[in-house]
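You will see two complexes here that share chain A, one where it goes with chain B and one where it goes with chain C.
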Partner chain A sequence: MKSGMKQDSAFRAMVAPLLSVVGAFLVGTVIIGLLGEDPLVAYAALINGALGDVQALANTLQKATPYIFGGLAVMIASKCGMFNIGVEGQMYVGAMAAAWAGFTLTYLGRGAHIIAALLIAGIAGGIWSFVPAILKVRFGVNEVIGTLMLNYIAYSLTGYLTVYVFKEPGVMPQTVKIADTAALSLLVPPSRLNTGFLISIALVAVTYVLVYRTLWGYNLRTTGANPAAARYSGVNVSFMRISALLVSGVLAGLMGAERSLGVYSRFISSFSPGYGFTSIAVSLLGRDNPFGILIAAIFFGILEAGGPAMSIATEVPRELLSILQAIIIIFVASGAYISKMLSDRRVSV
Partner chain B sequence: MSRFLSIELIRSCIRIATPLWIGALAGIFSERSGVVNIALEGMMLAGAFGGAVVSLCSGQAWIGVLAAIMTGIACGLFHAVVSLRCRTNQVISGVAINMLMSGLTIFLMQILFGNKAQSPTAPRVLEVTIPWFDKIPIIGRIIFEDVSPITLIGLLLVVVTHIILYYTRWGLRMRAISENPQAAIAAGVHVHKLQYLGVITSGALAGFAGSFLSIGVLDVFTKNMTAGRGFMSLAVMIFGRWKPFGSLAASLFFGYAMALQISLQEWQVPPQFVEMIPYFATLVVLAFVSGKVRPPAATGKLIDR
Partner chain C sequence: MNFALEARGIKKYFGPVKANDDLDLRLQRATVHAVVGENGAGKSTLMKILYGIYQPDSGEIFVNGEPVTIGSPDVAHRLGIGMVHQHFTLVGPLSVTENVILGVEPCTRGLIDYKFAEQQVREVSNRYNLTLEPTDIVESLPVGLQQRVEIIKVLFREARIIILDEPTAALTPAETSDLFRIIRDLVADGRSVVFITHKLNEVMEIADDITVIRDGRSVGSLTKDAATEKELARLMVGRDVMFSISKPEVTAGEVVLNVDNLTSESVSGDQRIENVSFSIRAGEIFGVVGVAGNGQDALEEAVTGLRRATQGRIELMGKDITGLSTAQIRAMGVAHIPANRTATGLVMDFPLSDNGLLGHQYRSIFRNGPFINRKAVNEWINRLIKDFNIKAPSLNAPAFTLSGGNQQKLILAREMVHEPRLLLAVQPTRGVDIASIEMIHKALIEARSRGVAILLISNELDEILSLSDRIAVVYSGRIAGIGDPASFTVEEIGLMMAGAGKEVV
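After this line comes the complex of A and B, so read on.
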């Protein structure tokens, strides 16, 4: 009986995101049709471009990797009732820190070098989220504003370090290359899919256990659900908020490290097309569940990896896919209302 | 000294600040009605795009400005419906609108102009010199000589917003909704109607601010041309304590920091450090005056009817 109910609710949790995806693609079909193209050709090219062969698949997973890290980062803060809009900035700081460790700590051996670089990136991301956490808990500054402001400071700071301190000679705004000992190894070369992907998968399991199987996770969820009730039952709400943002920032820092150490082999100024912001969508689509986030991230990876193929096969600009991503978010987020509206109608009929 | 305070510097400060304070006014209308508006960025971008396209098609810059405002209104209505009617989290709705507009404007540029990076050149709103006023010493040269009409209207809007907020029934009710919605409901205020009005007004102003970017200072739309100005407007609004004149002052501070950055380049001060100043300042102000600077109490909360 009990497991039946559980299955039922798990099923229900899946339905809204799935329907949202289907709905968004229907909207996409109409748009493609209006452009005078064949939607089936466009979608076939999209799927083929993303999943057609091993290299395509590897490329898709490579594109999905930052969203796995980022989705988990957003999720941890969200479970505690907070919005971490600052994943973008925390990621930048982490990416820079990892690259710095990559080209500086060259006396370390291979394993130690990678671990040190990842560690430093995590700490950097954590520092970047610790500031708004303290501002929230101590000074009552809303974390949405605090993390947002720190995004800009992160852009400028990493931009400064790139151009004035660690710049590689040449016109590109990028740092010198990291040492080979710090590089995350490629899984299916020439694709840039690297061991960072495996780390992100491991973190899916780790965060699941952390959130659902530990006391910290229980307190995290209690604080998120009802801070007043949590406080009365003896949970240190301030501590939970600080530690949640801290963990969130560490994940975001690792997200940046994967880009620097695995994909670019250096830090590139403004490398991100908005990974941190899209991660909010990923976490939402994944229903704030680590495994859901994994699926959602891979789905977003498919859209991004298949986009170029779609716009080559047809005249449809690949920005259609970012439009669809936005529509999916709106559908998922208003899903509760829509399903209520539908069920109300059913009752009245 | 002249490096830090010249008429040219102040003029460029005002030019940079114009979209920021108009954007901040947009934020005020929304947040004072109790709705968080992270979507300012996307609304501005949509306004900039709509303005450029219509200015291009009609050949009339002012019709373009009108179109920018209409585009903003459409975005505002969308944000209002999604976050008030469908009861979606307002921050999420904002994030979605920003993503949507970033993608949609590039998508439409490709369809309309076959170019994802920028639109063709469109007629722009030309600068004017106000007779008589431009003879006022110093102020005349700063504000009334060779100035964009959008800047002047923007200044007027600060006054208008102040009057609406503090001297009209609408303003009183807006402030009531954002501070204590239950009391407002008890007093018979149509909360949702006013919230729609607030968010739509917010969209209109954001669209107007966007038009300044595409057909005010420039004469083209370029992809993602708002480049964070919507978020900056939010910072300006907060720094200005959710008040029109406060926002104007805050935007001038932001604008000054950015104008200074250009003027300090020969001093070898890395521009990135000057860029950071406004954001640091906002955080510091928020942290140390936290008792006095606080958002309207109920902004972002869903209100049950």
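After this line comes the complex of A and C, so read on.
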């Protein structure tokens, strides 16, 4: 009985995300149809392009990697009842910090160099989320505003550092290359899939244990679900909020490090197509559950990796996939509301 | 003759839990119909069915003799059925008017017509003498007035049948008699009222008819004149209930809590405590009574480290605890049954097991280093469930699936089973049935016998008087009188509660 109930609720948690995905693909089918193309051909090309062979699969996972880090970062803050929309900025400073360590601390040996670069990236991301955390706890500044503001500072600051301080000679707004000792090794070259992906997978398990098995996680969830009850039970709510945003920022910093150390081998100004913001959708689609986030991130990776193949095989522009992503986000956001209504209705039927 | 509302053979199962198992209810027009039964008997479930929140598994409902299907609260509104829930559903930061019109906003040209709405709210308020100011912010109102906002909401939707689920649980005696006056006015106006309560004296005072529910079944349906409190209690519980408590002699031990000239902060303008001094010994129950809003909240929070003291000292076992954190104070053996179980005592979405851990999460027996020791926690919860006879679907069931009384029992068990030095019990019997009150009182007395010092804060004067070894009456944040309960007459206490008492020390 007990496990039956658990399964039932796990099942129900998945219904809304699945329906959103199916719904989005149905809308996509209509659009492709209107463009005069065969939806089946287009989707087959998409799947084939994303999962068809080892290189395609590696490419998909490579595209999914930032979303795994980012989804986890959003999740940790949200479990504490906060909305970190500053993942993008925290990622940028993390990416810059990692690149800096990569081309500066060249006297370190290979292992030490990578670890130092990751550490510095995490710290940089953490600092970037610590500021809004303090603003919230001390001065009551809503974290949505605080984290968002710091995004703009991150863009500008990393842009400035790239162009005026660490610029590689040439036309590209990018820094000099990192030393080989700081590079995350590629798993299946030539794909840029790197050990950063393995780190993100490990973090899925780590954050799961952290949130659901530790005292810190219990206090985190209690603070998020009912701050008054948390206070009553002896939890230092301000401390929890600060530490949650801090952990969230560290994850975002690592997210940036994976790009700099594993994919670009340098920092590139404005490299992100909005990884940090899409991560919010990933965490939403993954229902704030680390494993759900892993699945959702890979799913987003499939859309992005399969897009070019689809637009080559058919006349469907790859922008369709951005539209699909957007539709999924809308459906999931409203689906969260609908399934809450559903579960209020039939709580334990 | 047809009834304003009739339910026949209502069944509602939640998995294996038979919340309603063949229930009948007949509400005569322009009467008050009391529904009584133990915690978890199925009262709220039945009301939620009549209000369209749940659908019955089987059974029929008639409104004015017509068979109806109440698919949602909207349908209920259209049928003239309104409900005030056991736990309020108000939006604190909004005004009275905004709360009342939520969902049925009167609009002109697409804009909400606040003038018109306020005028209507004022009209209803005046008609039933509810003394509500339409522009007041709801969270700044005392509980009794918040409840009237709920009542206006129902009247505003033109309900002819009004369901009140435990409306008196959080009220002071004065607020309760005001509510009864309002109910009588509503009935005189031709409306019919379903009234749920655990207090049988209230049933005898206000009800015309009574339905008794036990384990989801109707076990009695009688008129007030044919009923006695004893008989009702026997029907509800299935055995005779003891109404009086026997308190063994206990020699009080060392001083456990000493509060010396304490003045607290005021939080968002509420009543702070000022220059309060008292002490409690091991094996002593110290009762604090007063009209709600006279500093009880501040006292509760100051002693548990949830509110800062601006002056004075609090000592526990001789150690100064003023300014310590809640976690530190709890670790020194202070347990706390809070006044508001849903807002502070529980995390409603959390499973039972996580709720049972609340406040104990720092204790080393429930941890392996930074990890939570699930096995120890589950053993602990099972013990709580067994010792306090908590009715719960499973350890994984969220707290909101428990009936109100069982939620309260869960908190009590959690705070009492681990043998605290000081137990701060605030409204410990709010919303629990008579058999559980008997059990809770027994548990408090037993804890006292084992040498626990108990600070009991309650609006129930009877409870304070029958349990306490010493009492303090609070008025306006100060102690208006303190001493042996036998040294005061009830009239004197009433006067002190109203601020007209003599100073007795």
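Keep in mind that, in the parts below, the second predicted complex is superposed on the first by the 335 of 349 C-alpha atoms of A that agree within 3 Å, B and C clash if a C-alpha of one lies under 4 Å from a C-alpha of the other, contacts with A are read in each partner's own complex, and residues count from 1 in each chain.
Following the convention adopted for this analysis, a contact is a pair of C-beta atoms (placed from the backbone, for glycine too) under 8 Å apart; a residue touches a chain by one contact, two chains touch by 3 or more.
Predicted, not measured: the structure shown is a model, and the values here were computed from it.
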Legend entry - Side-by-side fit of chain B and chain C on chain A, or clash: clash
Inset, instruction - Have a look at where A:V144 lands relative to chain B and chain C in the superposition and call it first, second, both or neither. - result: first
Inset, instruction - Considering only the touch criterion stated at the top, classify A:T222 as touching first (chain B), second (chain C), both, or neither. - result: second
Legend entry - Touched partner set for A:F83, first chain B, second chain C, both or neither: first
Inset, instruction - Report for A:I153: first if it touches chain B alone, second if chain C alone, otherwise both or neither. - result: first
Inset, instruction - Applying the touch criterion given at the start, work out whether A:V171 contacts chain B, chain C, both or neither, answering first, second, both or neither. - result: neither
Inset, instruction - Please determine whether it is chain B or chain C that touches the greater number of chain A residues. - result: B
Inset, instruction - Have a look at where A:L135 lands relative to chain B and chain C in the superposition and call it first, second, both or neither. - result: first
Legend entry - Contacting residues of chain B [partner chain A, same complex]: 36, 38, 82, 85-89, 91-93, 95-100, 102-104, 106-107, 110-111, 116, 228, 231, 234-235, 238, 270, 272-273, 275-276, 279-280, 282-283, 286-288, 290, 294-295
Inset, instruction - Using the touch definition up top, name the residues of chain C that touch chain A in the complex. - result: 14-16, 304, 306, 325-331, 336, 338, 343-350, 354, 357-359, 361-362, 367, 370-372, 374, 393-398, 400-401
Legend entry - Partner chain C, residues of chain A touching it in the complex: 1-2, 5-6, 209, 213-216, 218-219, 221-222, 225-226, 228-229, 231-236, 347-349
Inset, instruction - Going by the contact rule at the top, pick out the chain A residues touching chain B in the complex. - result: 35, 83, 85, 135, 138-142, 144-146, 148-150, 152-153, 156-157, 159-160, 163-164, 274, 277-278, 280-281, 284, 317, 319-323, 325-327, 329-330, 333-334, 336-338
